[in-house]
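The letters A, B, C, D and E name the chains in turn, as written, and every chain counts its residues from 1.
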Amino acid sequence: MHGLDLLSWILWMPIIGVLGVLFLPKDNAKAIKTWALVNTIITFALTLVLYSKFDPTVSGMQHAFNVRIPWIPQFHIYYALGVDGISLPMILLTGLLFMLCILSSWTQIKKSLKAYFALLLLLESTVFGVFMSLDFFLFYVYWEVMLLPMFFLIGVWGGENREYAAVKFFLYTFFGSLLMLVGIVALYFATNQSPDSFNILALQGGKFTTQTLSLFGTTVSFSKLFFIFMFIGFAIKVPVFPFHTWLPHAHVQAPTAISVILAGVLLKMGTYGFLRIAFPIFPDSAKYFASAIAWLGLINVIYGALCAMAQTDVKKLIAYSSVSHMGFVMLGLSAMTIQGVNGAVLQMFNHGTSTAMMFFLIGIIYERSHHRWIVRPDGSKGFGGLYTQLPIYSIVFIIGMFASMGLPGMSGFISEALIFLGMYEKFTTITVLALFGLLIGAAYLLWMFKRMFFGEVNPEVKEYTDMTKLEITYMIPLCVAVIVFGIYPSPILNIMKASVGQLVSLLATF
Amino acid sequence: MDYTLSTVAPVVLLPFFAFVINAFIVKKFTKLAVAVSTGAIFVSFLYALRIFLDFLNVYSVGYNIHKTFTWFDLSTGSSIFKVNMGIYIDNMTSVMLLMVTGAATIIHIFSTWYMHDDPRFGRFFVYLSLFTSAMLGLVLSDNLLSVFIFWELMGFCSYSLIGFYYEKEGAGNASLKAFMTTRVGDVFFLLGILALWSVVGNVSFVDIYNAIGAGKFNNLYALGIPLATFAGFSIFMGTMGKSAQVPLQVWLPDAMWGPTPCSALIHAATMVAAGVYLSLRMYPLMELGHLLPFIAIIGAITAFGAATIALVQTDIKAVLAYSTISQLGYMVIGIGVGSYNASFMHLITHAVFKACLFLSAGSVIHSIHCQEMPQMGGLRKKLPYTFFAMLLCCFAIAGVPFFSGFVSKDRILGDALVMALAHPVYIPVALLGFAGAFLTAFYMFRMLFLTFFGEPRDHHIYEHAHHEHLGWNSNIPLLILSVFTLGLFYSGSFTGQGEVNLFGTKNEWFSTLIHRPDSNSLHHFAEYKSEEFGLVDTRDKVELPRAHFDESHGMSEKEAHHVHQIHKAGALASIFIAFMGIFLAYSMYVKRSIYPGWWTSTFSGWTRALKNKYYFDDLYVKKIIQGLLLPFNNLLAWFDMGIYDKYAVDGWEAVNRFAFNVSRWFDNNIIDSGMVDGTGASVNLMNAILRWIQSGKIQLYFVVLIVVLASYIWTIHI
Amino acid sequence: MFSNTLFMLSAALTLGGAFAVVYSQNLMHACIYLLASLFGVAGLYACIGADFLAATQLVVYAGGVVILMLFAIMLTGGTGNKINRYGLEKVAAMGNKKTYFTAGFAAVVTSLIILKIIASVLRAQPSKELAANQVTVEKLGTLLATDHILAFEISSVMLLGALVGAAIISRPRKEKHD
Amino acid sequence: MYLNYLANIARYIPELILVALMAGLLILETTYREDEKNKKYIFIGGLIGLVVALASLVANFSGKSETIFSQSMIIDPFSTLMKIIMVLGTIGVFYLSRISKDIYESLKTEFIVMAVGILIGGMILASANNMLMIYIGVETLSILSYVMASFKKNDERSSEAGLKYALYGGLSAGIMLFGMSHIFGVLGTIQFSGMAVNLLKLNQAQMLILMPSFILFFVGIGYKIAAVPFHMWSPDVYEGSPTPVTAFFAIVPKIAGISALARIGFIFFTAATPMRASWILLLMAVASLTMTVGNVTAIGQKSVKRMLAYSSISHAGIMLCGLVVINDIGVRAITFYGITYLFMTLVAFYIVSIVQDKYGNDHFDRFTGLAYRYPFMAVVMTIVMFSLTGLPPLAGFVAKFNIINALLNSHFYTLAIILALNSVVSAYYYLKIVRLMTLKQQESNEVIEGFGFLNQFIIIVMTAPILVLGVFWENIMMLANGAKIFFQ
Amino acid sequence: MINLGSYLIISFALFICGILVMVARKNIIAILLGIELILNASALNFVAYTKFMNNNLDGHIMSLFIIVTAAAEAAVGLGIVIRFFQLRESIHIDDAATLQN
């Protein structure tokens, strides 16, 4: 098909939305919102079309969708897009969450609507770009451009300490991505600037196992050094301990929709980076560092969970829980077995839905209470008796909470179980320790739930109203997702398994 | 009978659909929702009954249905990974199914009366339906993973039902405690599953048995422990959590915050029993892992310890809760001493009489709106049917002959005695078991006497108590259940010794059909075939040999005789003990010839310990959680944000500023003051500051330029 | 012989002038010493046949730079008050022990650099016959008008700019803030 | 026969135009009365002259590389491109000086004359092919710069800046000359072509003289591009000078110095002599120091102008990284960097200047809430700041990418990592402005007169290349690729 | 006696004197004197090298231009000094230190 193909449509549709928002009059809030919503719905519909046309038996990139147009021929840089089983779940998730985020922002955002929706749509496009790029340069561009809207979305529409959080988020990520940039360019020369130097697919397969370079007078393995570089770049995004501290700040300060995007999609970009780039390009080093990654993942799980338990701000608690849950993804990746990696990818998707639910819910209550204290700094209860006052909200909260906890029958369980199954034989000790992460994970969520929802109704809480129709509307798809994929994960697993299998068999040969 | 999707699945799916439907309609159509739930479980009961009758009809030890379907499949290329789900029905399952659906039906019916005035009447049934379907799913599961899934779902329902009265702070605490405590066990259970999966390749029961039979576990180690022990222990930890064994027993008494029918169903009859069911299923693994003595001791400690605590409880439900823990302890002893079918039988009998006890207690509570026994008394006249049902149940639990409790508990104790005589390690087990039996009889009758006998202690309450009338959903269920406390339903005889046949029940059908899958008999699992789940039964309908009762249980005649003798002695002892207990209770609380206060004041230290439940709660909550975990968490969180983030991460900015300041300070102080001014040693401070302000910057620049240049030239050689 | 004598005299004048510039405590004197030193340099030029340069040195420095400096000194030291309105001394002292110490340090460091170069130069110096001194004016003239005509032109730009600039900067007119 | 020194004078037309322009403007200025306001013909004339020069430069670009004036000058695509950048920068600064209040109305004409003079010096430096031209170029740049720095005649700080600049420049020029004299002594010529030939014949002892001399020589150019540790004048001068002058200093002398340095590197250090290694070592040390010191010091600044001064130091350091690799890729990278740097610096200074004119100072606080008053300007400033940080898809990123590219191509991993880390540090203070503009609520609704429609339009037009070059950099890259250094 | 060594040493001495003056003096005009000394040192080198090393008159040309630029620089420098004096009424170098971090 000449002209734009499906992937490009998905990629550029939000940009059309951005332009539309920019041309709409500033005062017509409703038109802006509606336009943004329609745009995201179309985008999501396009991702569903992509899903329907996807051939789950193909292990590599789906040739039907591949795009490869020269961009900077001199450097062999292409506008190359593609989709495979690892990226498709992420694309679907992105399309879904952004659509819901527009709805969630409907009433919550009151300041500079126009800029907000323009930036949100821009963010959507960049996220798609990251998940679709097959050209390293393009990938990097999207990876970095993503920072811009995020910076402003946190910084302008965030909480009281938003600037600090935004700057921190920016600098952290920027630091990591610059190391990645060095890695990208190094790869460019390691392939002797061949026409495939920036082609992510062509770089894959462990072509750099024997190369070395000298750094500070010592000989270093090329593969190991740049694996570490890429690892740091992606690990910051995940975030892997000890690069995690931007996350609580960013989450707490960001407005609801942005927290959702951040936790739901952006964190996945890090692990997606491992799957798409770091592991396939440096499989030997990935193997070499597997146990280190596993230990880091374990630290993430336990450390994040323990820190979450100590939080008195519910959003911060969920932020730390993201640290913990992404630790499971890292564990799954480090296992490098089909169970583990499939589990990790599934966990990426599931965490995207469940944590999005949690952040939406916190946003909903925040809109009513304008605080998020479980326990106020003076020791009194911040909430209490929400269950009595807001029954629908509570039930949705329970669903989200248990999905996040990994209750069987909810989506989180399957992925966590697969991850554990995948890693048990390789890292028994780590598995045993990581299991306690599940325990603590349940503890902090339930404890939080108990303190917020049980007991007598606080006088303040009496004034809260239950979820509005709009809020229910955007929670329903997520509720459905966490339950349906908990019972029947095959729709997601089927599309990813071939691609994951390919990756695992590649790793197995090293 | 054909086992197809349409004949088996409804057992689980009907309550589940009821749950799904009710979840949406409950708010508007409460009555309809209740009807749907109750109807669903009743139909489900009929299906279960049909299955049970089929099994009873075939009457074969080897009869089983194993059907699987692929849940999801991750296989690509050469690597195979598949997760199968399926059903596995054997004799044990069919009995369990019948028990669960039966108890659930009765409790549903009872709840329509008991919960009627509750504002969340409908929602209760939603949870109940979900719970029932989860429990049935667990029972039907063919593998540990799905057991785990349903196990956790039940945990969730239990959590929700304990926290049913969410306005109460205590309910929140209790539900949290219940979920977290069982979660400790669950985590280990999951670990066990992982360990088994690594050996077997999946976790279906049959494959695990086969693997054990084929010796696949030999010479395998996990973390330096033999793998069988490791996995067995992990799974048994699951049992300990769910079945409230020491030291994870703390949650069950608190679980009484839930509505009484839910206590009856979940915390007495089914969910807590699921733990024991799991260990029974994994019996070969426990045996292989040499865990039996450990299990027996845990069970004995639980059985005795809980019984002692029950002595001092004044809350009627608390007594029942501790008695549940204690009885679960007996089941675990049964596993530990190899008394497989007695243990299972106790599971069933206990389910029945304990459900009945709870419902009776519920009836009492509903009638007087009070749970404290010291305020009751004399209710016999006002609640005759309840009293009757409770009396039968108390006989059963106390181990009075002809009642179901006697049949099952006696066999466990008998086997414990056999084992104690053979291995000294079991001696404390037997001793604690018998002592516990004595206490059981005592405290159950204490409860009964305090409630129904004597004079009303609180007249106000007594006056307001409703007179009981026979009602289809109020006390008929109790009576139905109380009928099934008779031992003959289980043993086919009154005494449990297999001598009298009645009503055409098969001779000792329970003992005949439920067979211990021990290492000797595992080989026949290799012949078990599994089929794809479908709408048609493709099973090869082979004629199975009908089972016959083997009095010697496969032992040689001499051994059997020896065992029989010991059993007989044990039975006599336990009968004696039961009556002793009842008599003691009678003399204390009815005749008042022994003054209980003397005991409590004489053993005041003990009493205090008992009242505080041996300080387990204190240890867990105050010491471990509040004393260790939370401070550690706070420390960690403080470290994360206060130290790590502040200094290590934001520190780079500080480092930059520091570098900036150092360079400035260096310019101003070292070069300027130090080298320019510092030469004049007598420069006073004021002068220094003045000069510092009016520093000859440009010349400083010159000096720096020259010095750097020199350093370049002297370091950069060609 | 003459050239040797001239060299000796010039060198002495150069170095003496330079040292005097360093230690003189009077700015006016220092300026005159500088002139002497520059004269000495002109003599040194003359010794090795750079006749045109020597002449230029005399003309430009004696006639231009030093006079300019003297003017500047007079312009800045003129009025009777030694203290300005900020309470600062108008014409600074030439320096003190401390500054000389620092300067000495700088000088030592500099000499480390230069000695390194000079030592190598002298070590690598080829011994070859010196050509007789010739008149350089014509050659220089030719070079300036041919090979280095561009430098010649650009220096005119530079001088023009410097002229205009110096005029702009030092025009005593106070500008209005606008 | 002597006339062959004038051969190819046609290639020299751009500079000639500018010389004529300078003289012409001076004459034109004399026709005005002293107190006449708005001498716009000078401005228009200057603009026309620059545009003509630009046109002739563009025409020159595709011509073949050759030396003119008896090898005093090289006209090659590289120098032509660098000159184009300088001329563009000058044009930009012209307009800025026109609208700025930082330069007295009566001195605006002189500013233009001086700027043209400096531009000539810079262009000479960019294509200098002997030491004399280098020296004359540097001096022309410097001496006129001293004047420019003290252009705010009634401001003590301005004249202090000029003073510091003059003194520091004097010392640097002296040191440079001292180095040059020894180089001349060893190599026996001042022509680069001859020097390059003689260089290969040297023995070890002579090399030993040459390397320190080259370092001394380096000082003269290093101080012009404000390379650490020869940078110390620059923050003071940048802060003290009027803002248009600062903008001018941040562009023309830097670009000129970089191109001279690139040429020197190419001519003397392409061959694998022992000196090459030490030259590279020198440049590496200087480049990493320049980046680091520039960035670290920029963090602590309160004045935006001073911050930009330090930031321009660090950018010079990045360009120096491109010089470390003495090959075409490095040259291409710095050429591209120069182009983007030009636009980024211009836009930044335009906005700073306009804000400063309004409030009388340029503290960071003055930018607070700008996004709510002048969204376009805030967006533009944000784009520039992110581009300076090196964020795709902006030109600054592509420029940095090319530098890293050049570094890694020659396996300078350490330097590449230092560059990357420095970018993070720089992000911090660039973000500070963005943060203040967008994240903080506005303090007032004051109208900033400078942001009229025309000025906004011009600023946006100047920002366009930053965006376009970030995405469609192919063509400019080809251009930069063609701009190879030529030497005989 | 008239050889390269002596010339180099003279120029070396001039250079050092220049540095000493530039660093030690507190008077701005005096510092300008130092610059002249340094420039002369370099110019002398050029001439000396022309004579003793290579007989290339380009060295003379360099010297010539050094003299020229020195003059121009002195003119501009003194102009700035005078302007500074007019504003500040001081030619103390320490008074020219208001611009700092």
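Methods note: contacts are C-beta pairs under 8 Å (C-beta built on N, C-alpha and C of every residue); 3 or more make two chains touch, one makes a residue touch a chain.
Please read all numbers here as calculations on a predicted model, not as lab measurements.
Taking the definition of touch as given, a chain qualifies here only if it contacts subunit A and subunit B alike; those chains are D. Greatest Cα centroid separation from subunit C: this falls to B. Across the assembly, the mean Cα position most removed from that of subunit E is the one of B.
By C-beta contact pairs, the most connected chain pair is C-E. Of all chains shown, A has the CA centroid lying nearest to the centroid of every protein CA atom. Averaged C-alpha coordinates put the centre of subunit D at 26 Å from the centre of subunit E.
The mean-CA centres of subunit A and subunit E are about 65 angstrom from one another, to the nearest whole unit. A separation of 69 Å divides the Cα centre of subunit A from that of subunit C. Each chain gets a centre from the mean of its Cα atoms; for subunit B and subunit D, those two points are 76 Å apart.
The set of subunit D residues touching two or more other chains comprises 132, 136, 139, 143, 146-147, 150, 153-154, 159, 162-164, 167, 171, 175, 178, 182, 185-186, 208, 212, 216, 236, 297, 300, 428. Residue positions of subunit A in touch with at least two other chains are not found. In subunit B, the positions touching at least two other chains are 660, 664, 696-699, 702-703, 706, 709, 713.
Across the assembly, chains come into contact as A-B, A-D, B-C, B-D, B-E, C-D, C-E, D-E.
By the touch rule above, subunit B contacts subunit C in their complex via residues 675-677, 679-680, 696, 699, 702-703, 706-707, 709-710, 713-714. Contacts from subunit C toward subunit E in the complex involve residues 3-4, 7-8, 11, 14-15, 18-19, 21-22, 27, 30-31, 34, 37-38, 41, 44-45, 47-50, 52-53, 56-57, 60-61, 64-65, 68-69, 71-73, 75-76, 84-86, 88-96, 99-100, 102-104, 106-107, 110-111, 114-115, 118, 121-122, 125-126, 130-131, 136, 139-140, 143-144, 148, 151, 155, 158-159, 162-163, 165-167, 169-170, 172. Per the touch definition, subunit E reaches subunit C in the complex via residues 1-2, 4-10, 12-30, 32-34, 36-37, 40, 43-44, 47-48, 50-53, 55, 57-58, 60-61, 63-65, 67-76, 78-83, 85-86, 88-95. By the touch criterion stated above, subunit D contacts subunit B in their complex at residues 163-164, 167-168, 171-172, 175, 207-208, 210-212, 215-216, 219, 229-230, 232-233, 236, 274-275, 277-278, 281-282, 285, 293, 295-297, 299-300, 425, 428. Chain contact summary for the complex, subunit E toward subunit B: residues 19, 22-23, 26, 31, 93-97, 99-101.
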